[in-house]
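In what follows, structures are represented as structure tokens.
Two complexes, one shared chain (subunit A), two partners (subunit B, subunit C).
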Partner chain A sequence: MNSGIGLIVWIIAYPFVSFFLGVLLGGYGRKLTARVQRRVGPTWIQPLFDVIKLMTKQTNISHGYMHDVAMMMLVGGTLMTMYFVPVPGFHYFSQFGDYIVVMYLLLVPPLGMALGVGQTANPNGSIGISRALQMLAGYEITLVMTFIGFAMKHGTTSMYELMKLQQAGGPATWGIFAEPLLGIAALFALQGMLNEKPFEVIIAPHEIATGPMTEMGGKYLGMMFIQHLIALPMELTIFMNLFLGGAQSWVEYVVKLFVLFTLVLVVNAVYGRFKTDGALRFFWKLPLPLAALGVVMIMANGM
Partner chain B sequence: MSDKELTQRSAWETVLASLKKRSLWMLHYCTGCGAVELPPTMTSRFDMERFGIMPMVTPRQADILLITGYLSVKTLKRVILIYEQMQAPKYVVGFGSCTINGGMYWNSYATMKSLDRYLPVELYLAGCMPRPEAIISGFNSLIDRIDRGEANSWKDYYENYEFYRKNQEHTFGDIETHRSIADDAQYYGFVEVTK
Partner chain C sequence: MYTQALLLLPLVGFGVAFLLQGTVKRSPAIVKTWAMLGFAAIAAVAALAGAEIGTLYEGPTVFGSVLTYGLTDLSWWFVLLIAGITALTTVFTLGSLRYADDYPMYYAWLFAKVFGMIGLVMSRDLLSFFIMWEIMSWATYLVMQQGRDESRKAAQGYLVYAISAGMILLGGVVFLRTASGSFEFAVITKFVAGADLGVIITAIVLVLVPFLIEAAVYPTHGWLPSAYASSETTMTAYLSSISTRMGLFGLILFVFNVFGLDVIDRIGISAHLNLRTLLLVLAALTAVLPTYTALFQHDAKRLLTWHSIGQGGYMLLGLATASTLGTAGGLMHIFNYMTYVALIIFSIAAVEYRTGTTNLNKLGGLITRQPVAFLGMLFGIIGLAGIPPMNGFVSKWFIYRSLILGGYPFVALAAFIATVGTIMSVYKLIHNTFLGQLPERYNEVREVGWVMQLPIWVLMAVVFATGVFPGTILQWIARIQVELGIAPIAYTLGGVAQEAGDLNMMVITLVFTLTFIVGAVIFFMGGKRRIVSQYDNYAAGHFLNKDVPYNFNYNFYSAFDHIFEKLYHAAPVQSTERNLGRLVATVGEYIRRFFTGQINTYAAYYVAAVIIALAFLKEVL
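Now for the complex of A and B:
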């Protein structure tokens, strides 16, 4: 699937595959949370019903030009990032862009959201955006730190090559087992990146009325949901490629996705929410020093 | 109900309705004591989410406006502003006898007796106050109505805006709402364009 007709077919099909995976993961998330709370919960494809409902709303209020464009930026930026993350059988674009490109592109969706929400001029939305950017300073630095350690160890920044090295060496060389300090720090960062509790300060429905989504209704909210559902498997895949040895087949890929997401969800289900400063302080107090220590140990081993 | 609403739906609309009924988000405007029945409806005892009904926090995102209890002159004004911020299709559900005829406040000088003079009500849940079973049963009948394509009360607000506006002005004097409903109705094609 990395040349010729197969590549073109895959480029067109990949967003839909990713969206479908996102729907399954999102539905699974809501079902699992419901079961933890001893409820029956919605169906497994509830996010699909939500998206269909939102996209077929008959009135949609636009707050201006930037509000419309921002939605394109949100979904477009996520799609672009998605192509650079290698999945089983598809790593064509990852030869042109390494992990640094992915980190860079990951910032486009929050930036698009910031522009769009800025135009809606809702104070809750602005607070949500400022919180989102604050949280970036928390988890992104941790994530970059873990990646620096990993790249120093193997001497490459390509996500595909890091994945291949781990696959060749077997589970013992998987990032999370070979470098547990980095792995644990990145797990915290993943929780923040997926915006799950205890780091769910951006949405915080009881506090700032879903933050960036406050003024979004109808198709605008639908686009945000689509972006979220595409980003969900992508962000899990980034972690998987760096720390769980990626995946060689789609069965392995889906199993690893669900196992990893279950881990994130059970933490989400039992914890409350940090305050914004608390979340940032936590990131800088525990995961970041852990990651820094991991990097120091790699440097010591290398000398 | 006019003849226009009873015309046959296309196959696409039928399929769409059966998908849309699976996801309803609710904004609950808790003015009165009835709000106390909602937490058990949402949480593990009665679990509303198994029907795809979820509480939402802002009017822009919501499909159902649930009004739980009596409306004073002051709160009714807020409810109208909230209703006009919602995106169609939108359903107003009156909860408890207060919204139907004033309930136990029927002889109060400050409460509104009948909600459907000010907003198009899709469904009333009778009782003082309705138990969670009644709420679930009411929402299920709303879901059935959406499935059959009969839940069109929100169109009435666009088509007969003069009626609602007259009642609103009778109560509040000249109130300022943020969107022109008449313009919206023409823009989205809910009424014939008058030139």
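Now for the complex of A and C:
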């Protein structure tokens, strides 16, 4: 399915598939959190209703052209990154960009958002961005350390190759079992990457009036929702490809997505939130040293 | 013929610009026109000189040895970079150098500096290398100290370092001449290959340390921020983009060509613990520490000068791996950094031209007033942060890949930590300058004229085009690699060939363009939008007008400040710092008696040192 008509169908259909998965995951997330907190919760496709409502609003307030372009960069950048993350049956673009590329592409949407939020000239927004960028030094560095170790072990930086190697070796060679220290560290990083509690101070409504979203309304907020829904399965897939052996069929893929997301959600449902400096200290005290230890062990085994 | 012209033109340029200094007050246009013509001619000759690669030319005879010069692939590449960026800078100064009468010798010293740099990269023996090195250092000093008192003071800081570097290099030159019996590179290469370890170590320390100082590698980077940031802003761009890289040129030339990698690798305990490991560690420190210092700067120029140090660390990281991927990344990063740092500082200069300040706490919201400068800075910071599709990403990709696959995981991590710091500080830069609230006093600010816009547009095109088509640059890099004895990189127009890894910038850019269009379609599918004033904003129910301060830019990364403030005041750090401070004060007291701050004194020392060295040489000859 990586050539000819099949490829074209994939390229066109993939954003829709991804959005659909995002809606299901998002809805599941709200439902599950509600049940953990003994509420009923909204319907499973509530995120879709939210998006439709926001995109059809009549009042759309903009603060200038950068604010508009930022929204295109936000959604466009996320869609672009999505193509470079292999999923079962579709890895055509992996040959044009390895994980180092994905690592940097992941920075395009936040950069777009940061520029747009900057133009809204609202200090709450700027504070949100400042916090988001500082958080990068926590979770992103941890995630990269785990990737470096894993890539060094297998001698490749290609996400597709890493996934294939794990599939060929069976579950025992899955990153999370073969290198548990790296896997655990990456799980913490995933929590931060998804902005779920306890690493949620960036968008916390009670602290900084939702931060980056302060001046976003109507279709602007709608596009941020769309971006969030596409990014959700993508970010989970990155973790899955690196540490859970990816997936060979769509059934396996969806099951793994939901299991992984459940793990993130139950932590999110019961924890409070760290302050920015607290979150950074946490990442530097626990997950990052864990990952570093894992890398040292890989080096020791290799020598 | 072109090779000689490359040395002759800057000399003529210097002479005429020197004579024209009296006219600067009445009609600055004359000297500007002369400089523009001169640097355009140098750029044209540089482009043509490629035909003469490999030919050796003989210059005057000094102390019985003939000074030789000529082009190699490596030196032609550097000549092109120097000539290109000088020409662009000159175009920019045509508009930006308003107070030309403050800088009567601006162009004259610039010609002298170009002469020194081109001469340095073209010199083919140790003696001409040293002579050109000194000319370059002095010209750099003279370029820096133009203008305000503050620049003069900061330039003296540079001079102390430059003279130390020059002295050490002189020691190296004398040592190698004495030991090998010749100034010729070929003879030295042969001599070093058969020499004892002790001799090699002495030679390497004496020759490489000056380059590390000039390249502002940690811990000898202290001179750079003040010296560069207090120069005239266009000159800051020029110095940041090319000047520091001369140290790196020396390093490349001597490590790969004159000494040879085999000799360098003989110093060490094992394959993973040798001189190159030390260089990697220094490079990693150079990349990380200055980048995080940049975070806390309040001046746009000063912030970027710290990056000049940090990004130099990346270049050294790539080069020190000595692998195909790493050296390709390091060499390419020299070009990439040159383009986007010049672009960013030109944008800052455009802002300074209209607002009169580069203080990040006073600017803001200028995006609607100076959109071209904003775009320039945006392209530049995307390059500097290394985000696709700009050229900075490609070189960083090479460096990461070489570090990960070369088995240096923690050095690779350090490189990424530096990248996070870079992203943070460049966002602060663009946010505090162009985004956020527009202060009322800047309501009337306009875009700069087309003369100043031109270099910004050109550099934007270069930063983007070489990012999408890195093959255009990699073809040069591959030739240089062959010359340095490294397996050349297998490149394609859009990235690297399959055996070297997965990277195709053309596809990445195409996908980005298409998905961006999808984003735009979704955006326009929504309802019509209305642009509102910056005072029509959420403020928890409070009204907003020009009298309500409502902006976030001071102390932008407070959590980092909060964390590291405590670290700095932890007892062991503090006492070490205090003791170090005492040591520096004591040593400084003695040094002060020598370095009086008077140029004449320095010149006298310098002449004395050269006389002593020559007397020593005379014995040998």
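One rule holds in what follows: the second predicted complex is superposed on the first by the 303 of 303 C-alpha atoms of A that agree within 3 Å, B and C clash if a C-alpha of one lies under 4 Å from a C-alpha of the other, contacts with A are read in each partner's own complex, and residues count from 1 in each chain.
By definition in this document, a contact is a pair of C-beta atoms (placed from the backbone, for glycine too) under 8 Å apart; a residue touches a chain by one contact, two chains touch by 3 or more.
All values reported here derive from a predicted model rather than from experimental measurement.
S.K.: Identify whether subunit B and subunit C fit side by side or clash on subunit A in the overlaid structures.
M.R.: fit
S.K.: Using the superposition on chain A described above, determine whether A:68 touches subunit B (first), subunit C (second), both, or neither.
M.R.: Touch status of A:68: second partner only.
S.K.: Figure out whether A:216 sits in contact with subunit B (first) or subunit C (second), or with both, or with neither.
M.R.: Only subunit B; A:216 stays clear of subunit C.
S.K.: Taking the C-alpha centre of subunit A as the vertex, compute the angle to the C-alpha centres of subunit B and subunit C, in steps of 10 degrees.
M.R.: For this superposed arrangement the angle is about 110 degrees.
S.K.: Quick check for you: in the superposed arrangement, does A:301 touch first (subunit B), second (subunit C), both or neither?
M.R.: neither
S.K.: A:3 in the overlay: touching subunit B, subunit C, both, or neither? Say first, second, both or neither.
M.R.: neither
S.K.: Thinking of the overlay built on chain A, is A:37 touched by subunit B (first), by subunit C (second), by both, or by neither?
M.R.: In the superposition, A:37 touches subunit B alone.
S.K.: Quick check for you: in the superposed arrangement, does A:57 touch first (subunit B), second (subunit C), both or neither?
M.R.: Both partners, subunit B and subunit C.
S.K.: In the superposed arrangement, does subunit B or subunit C reach more residues of subunit A?
M.R.: C
S.K.: Just the number, please: smallest Cα separation between subunit B and subunit C in the overlaid arrangement, in Å.
M.R.: Once the two complexes are overlaid, subunit B and subunit C approach no closer than 5 Å between C-alpha atoms.
S.K.: Indicate the residue numbers of subunit A shared between its subunit B interface and its subunit C interface, in ascending order.
M.R.: Dual-contact residues (subunit A): 56-61, 209, 214-215, 218.
S.K.: Spell out the part of subunit A that touches subunit B in their complex, as residue ranges.
M.R.: The touching residues are 30, 34, 37-43, 46, 49-50, 52-53, 56-61, 205-206, 209-210, 213-218, 221.
S.K.: Please give the residue numbers of subunit B that touch subunit A in the complex, ascending.
M.R.: Where subunit B meets subunit A, its residues are 16, 19-20, 22-24, 43-44, 47, 49-50, 52, 56-61, 63, 85-89, 179, 184, 188.
S.K.: Give the list of subunit C residues in touch with subunit A in this complex.
M.R.: 365, 367-368, 374, 378, 382, 385-388, 393, 396-397, 400-401, 404-405, 407, 409-410, 412-413, 416-417, 420-421, 423-424, 427, 430-431, 434-438, 495, 498, 501-504, 507-508, 511-512, 515-520, 522-523, 525-532, 534, 536-538, 540, 550-553, 556-560, 562-563
S.K.: Using the touch definition up top, name the residues of subunit A that touch subunit C in the complex.
M.R.: 15, 55-64, 66, 68, 71-77, 79-80, 83-84, 93-98, 100-101, 104-105, 107-108, 111, 114-115, 118-124, 126-127, 129-131, 133-134, 136-137, 140-141, 144-145, 148-149, 151-152, 155, 157-158, 209, 214-215, 218-219, 222-223, 226, 275-277, 280-281, 292, 295, 298-299, 302
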